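Below: one structure, written as structure tokens.
Naming follows writing order (A, B, C and D), and every chain is counted from residue 1.
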Amino acid sequence: MALLKREEWQGIVRDVDWTLKYVDDEAVYPEWHSGTGKVPRDAWQKWEESYKVSYPDYVATQREKENSAYAVQSALKRSKAFETLDEGWKSATKMHFGGVALVEGMATLAELKMARFGLSPAWRNMSIFGALDEMRHTQITLLFGHEFVSKDPQYDWSHKAFHTNDWVTVSLRSLFDAMMTGANAVDMAIQLPLTFETGFTNLQFVALSADALEAGDINFANMISSIQTDEARHSQQGGPTLEILVEHDPVRAQWTVDKFFWLSARAFAALTGPSMDYYTPVEHRKQSYREFMEEWIIDQFMRTLSDYGLKKPWYWDEFMEGLDIWHHSLNMGLWFWRPTLWWKPVAGVDEASRQWLNEKYPNWETVYGDKWRVIAENINSGNMEATLPETLPWLCSMCHLPTCNANYGRDGKWRVRNYSLKHNGMTYHFCTKGCRQIWWEDRDNLNHTTVVERFLLGEIQPMDVPGVLGYMGLTPDVMGDDAHNYHWASSFSQSEPAGTAGGR
Amino acid sequence: MTETAEATETAAEPQLVPVNAIFADDFVEILVAITTADTIAEVAGKVAYHVEGKRVRARDAEKVVYHNDRALTPDLTVAEAGIAPFDHIRVDYADA
Amino acid sequence: MSATTDQPAKRRLRTWSAFGDIKRRPSDYEIGTQGMNYTLREGRKAPFEQNPSSPANLWMQTYRDDSPLQVDDWESFRDPDMLSYRAYVTQQHEQETKVGGVLEQYAAANADAQLPPEWRATLARLFTTTRYPLHGAQQVQAYIGLMAPSPYITNPAALSAADMLRRVTLVSYRTRELQLAWPDDGFATGERAIWELDEAWQPTRRAIELALTAYDWGEAFTAMNLVLLPSLDDVLLRQLGEVARDSGDDLTWLLTSFLQRDAQRRERWSGELARFVVAQRPGNAGVLRKWIDKWSPLADESAAGLGSVLENYSLRGRAASEVAAAAAAARERLLAGASPGLASADPAAAS
Amino acid sequence: MDNAVGPILRSSDEVDQVVAAIYDDNPGTEIEVTDRGAYVRIHASDHLRVTAESLKRHLGPDFEIRSLEAMMSAFAGRINTTSDAVEWSLGPAKAPVG
């Protein structure tokens, strides 16, 4: 005798809404946290996820996933797998552990918030599984990162990064706090599960696993792709929420997606972009960041959005242009400001890499080639001081990343243009028109300063470079330095001089 | 632009003016600390210091400072030019 | 800005620097939990990296950071079960396998067909209806997890929320089986009316609804985990299970006893948390006491209301006052075990 | 491929068997399998499905359809899961099956 099929009884599990009598509905589901907005309260009764799971199935499947992920880790512990990894790839993992582990912790809180304030019982139930999943991701990421702490103190930042005011952390906190627990449940379901988890996390957790495997990091590839199997399920909280929101308030639906699509794209350009196009050794790259973006975001995710009746975001052209610029500039910024990082940044511009970059990005030589060459010449002549920063990059008031996006203007030049605005007597600068527009539209970030602004307002003491590094939590044993001991620079002295390869 | 007596009188104590600056075709805007007493030529030098020969190949050409899309005369001071804290300035080679 | 191109002597770390200078290697549970909630980081301007006066920041500030319940070091609290995610899904899978086996066995024996009408009516009133209050309790557990001032509290609260979903799931499964066996008894279709209209349930409904608006995290925790659930579970798991057994419904008895494991685990960490806060700051006893005094009458009324259902069950019923007294005593045991000052000054007053 | 929908499986020993099961369950459908090493895209236009029955045939009688989740790190299109089958398609969900 078999058990009843899930379809026969799951409807009852979700039939748990009742009419509140002793307290007001608004007191139990306050707008601040639930966020129904223009959507009639009873419209949420239609909410139904299409990727269904029951409690007994959940614990059975998750136990299998956990056993298999830790079995791989335990088998590799005794191997020399870690020691044989390229230093650049290790940096990609340090960036991942530090940038991701505690975000998973934040996502646990976010799912708990939907489990409490979500507007339909089916949604609240699904968020319980989401909260457990995110607890899993926090713990597995921390445990896997912890494995390497004794070998390399930079792995300490797997845990430490989000407890500091490193500029990378401030940028990520700013993104994720707004996307996740800082948002009401409706916005959050659009921002986190839908835009972020069915869109962008695929890049860092599935696409990057292709590079990880090629780079020989089986353990990491296995961990991230296992994590993403949970995301594929619980991210389906987004679809039904979006469907209802599109029906009742399409403007809000479009805006919410557009905003977090843009901000996610900025963050991924800073982390995933360099990991794929610079940190993964060139011979192990499965595709370029741009190609992965085309596969997962432009193709797959945009099809999802049109399937729900949404349009392309207003900034589409600027976003597409940015695919050839954002992450290259950010990689140069990460490298140049390397003492501010908890990993060893990779220049990634030896001869073979430059050839690859120019194949994948026809404008790369024009925009970046000679700058790297100037840096390399300084390295080759022993002038290391010229390769180190003596001031701060300006940080965007919206994404908190360096304002470093050149574009090809009507003046026929590749230039970084200034996007700023004045508000209440303050001047704010942005990396792009997109960031400026988003900041202006909801001004959520008023009174929320960038690290540069904090420095200028005197909040960082002493007001000098050691003061800034101290504020960011960096200690000398952790501060980033070139991953490959500058060996790549010598390739510039052997290859053609500036100008001959460029101009395409 | 005409010289004004008031400007020199009030500029007794130079004030720090942090600005958002970009040099030529460099890849990033940077924070540069200038003062009200700096001349525009000095400003060009202070911005170039962080970039020229470090990321942007040094060239033997005059440098021009742009503020609100206008080229500034090199012998003006920052105070006279009206550059305020948090303003954006662009420094480029004259023939670029 | 000078980078060190010469590698300085490397400091060998054994674990996260956040643990400070500790002698032992922390457990995997601690490695994966410590400092997980960065909105609690030291030196923060506001919990969230956004405008300090954003709604989300004000809420966290008011109901978490400014709660009357304060200790010096929340991160030193430990769930006595030290339950990691991995251990949780492993042990709950075992439990669910056991439950599945029992369900199959009783379905094969067609046990539901043998349940007498009066007992079926009691199950409909006191067992299958529980999915509503349990869902409310699930929401409150999630809220405690969201708002807790330590990840060492967030995690067990989140797992307790999942336990609630487990319980609602099992109750729902049984509801469907009972409906298949007795399509005219109102199983699966009649519970909401019972929950909303049956006098016996109204005190519980009131308590659950009010608990959903207890926004101070400490009060939410006290109301639900120290007062309401310890009392209600005594009725809905232990006492109902005993009556089921006495009525020949071994399946309900077995299932309620299985579910008691989850309730006992929740009481272990909740009792330990109560003990911890009082040990850290004796003044917290007064803070908890105030909330306990506020919520205990609601718990007692709830238990008495549910007791009336058992009182009316003619076969193996028990007096409503006895039901309520036992529920209060169960709560008092939890509180007294946590800290002597938390139990009612006059235990007799509870009965 | 227009309107591509379908699962993206992480690399494992069982990928080939799942692909075989999908071929069995979608006769006459053009199926595109893209192998990127760590993951494999299995896509068709507009609609694709796999049944518990076919999965058991290829992966053994003990294989439960819920375990497909542990292999599927992403998917394209909208998903619909039941105890008997998993489907990927576009457009609003059809009336729930079962």
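As a convention for this text, contacts are C-beta pairs under 8 Å (C-beta built on N, C-alpha and C of every residue); 3 or more make two chains touch, one makes a residue touch a chain.
The model shown is predicted, which means the values in this text are computed figures rather than measured ones.
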Check: Which of the chain pairs holds the record for C-beta pairs in contact?
Finding: A-C
Check: For subunit A and subunit C, what's the span in angstrom between their mean Cα positions?
Finding: 34
Item checked: Geometric centre distance via CA averages, subunit D-subunit A, whole Å -> 28
Check: If you average the CA atoms of subunit B and of subunit C, how far apart do the two points sit, in angstrom?
Finding: 64
Item checked: Where subunit A touches two or more other chains, by residue -> 8, 60, 389-390
Next item on the list: Report the complete set of touching chain pairs.
Entry: A-B, A-C, A-D
Notebook entry, point to check: What does subunit A use to touch subunit D in their complex?
Noted result: 5-8, 48, 50-53, 57, 60-61, 64-65, 68, 198, 202, 205-207, 209-210, 212-214, 221, 225-226, 228-229, 231-233, 236, 239, 243, 286-287, 300, 303-304, 307
Notebook entry, point to check: Within the complex, which stretch of subunit A touches subunit C?
Noted result: 1-4, 8-10, 12-13, 15-16, 18-23, 27-28, 32-33, 54-56, 58-60, 62-63, 66, 70, 102, 105-106, 108-109, 112-113, 115-116, 121, 124-125, 127-129, 131-132, 135-136, 138-140, 142-143, 146, 149-150, 152-153, 156, 159-160, 162-163, 170, 173-174, 177-178, 181-183, 337-339, 384-385, 388-390, 444-448, 465, 468-469, 476-477, 479-481
Check: Of all residues in subunit A, which touch subunit B in the complex?
Finding: 329, 332-333, 336, 367-368, 370-371, 373-375, 378, 386-387, 389-394, 402-404, 406, 413-416, 418, 420, 426-427, 429, 452, 455-456, 498
Item checked: Interfacial residue positions of subunit C with respect to subunit A in the complex -> 1-5, 8, 10-18, 28, 31-39, 41-42, 48-57, 59, 84-86, 88-90, 92-93, 96-97, 99-100, 103-104, 107-108, 131-132, 134-135, 138-140, 142-143, 145-146, 151, 154-155, 158-159, 161-162, 165-166, 168-170, 172-173, 175-177, 188, 192, 195-196, 205-206, 209-210, 212-213
Item checked: Touching residues on subunit B, where the partner in the complex is subunit A -> 18, 20, 22, 25-33, 49-50, 53-57, 84-88, 90, 96
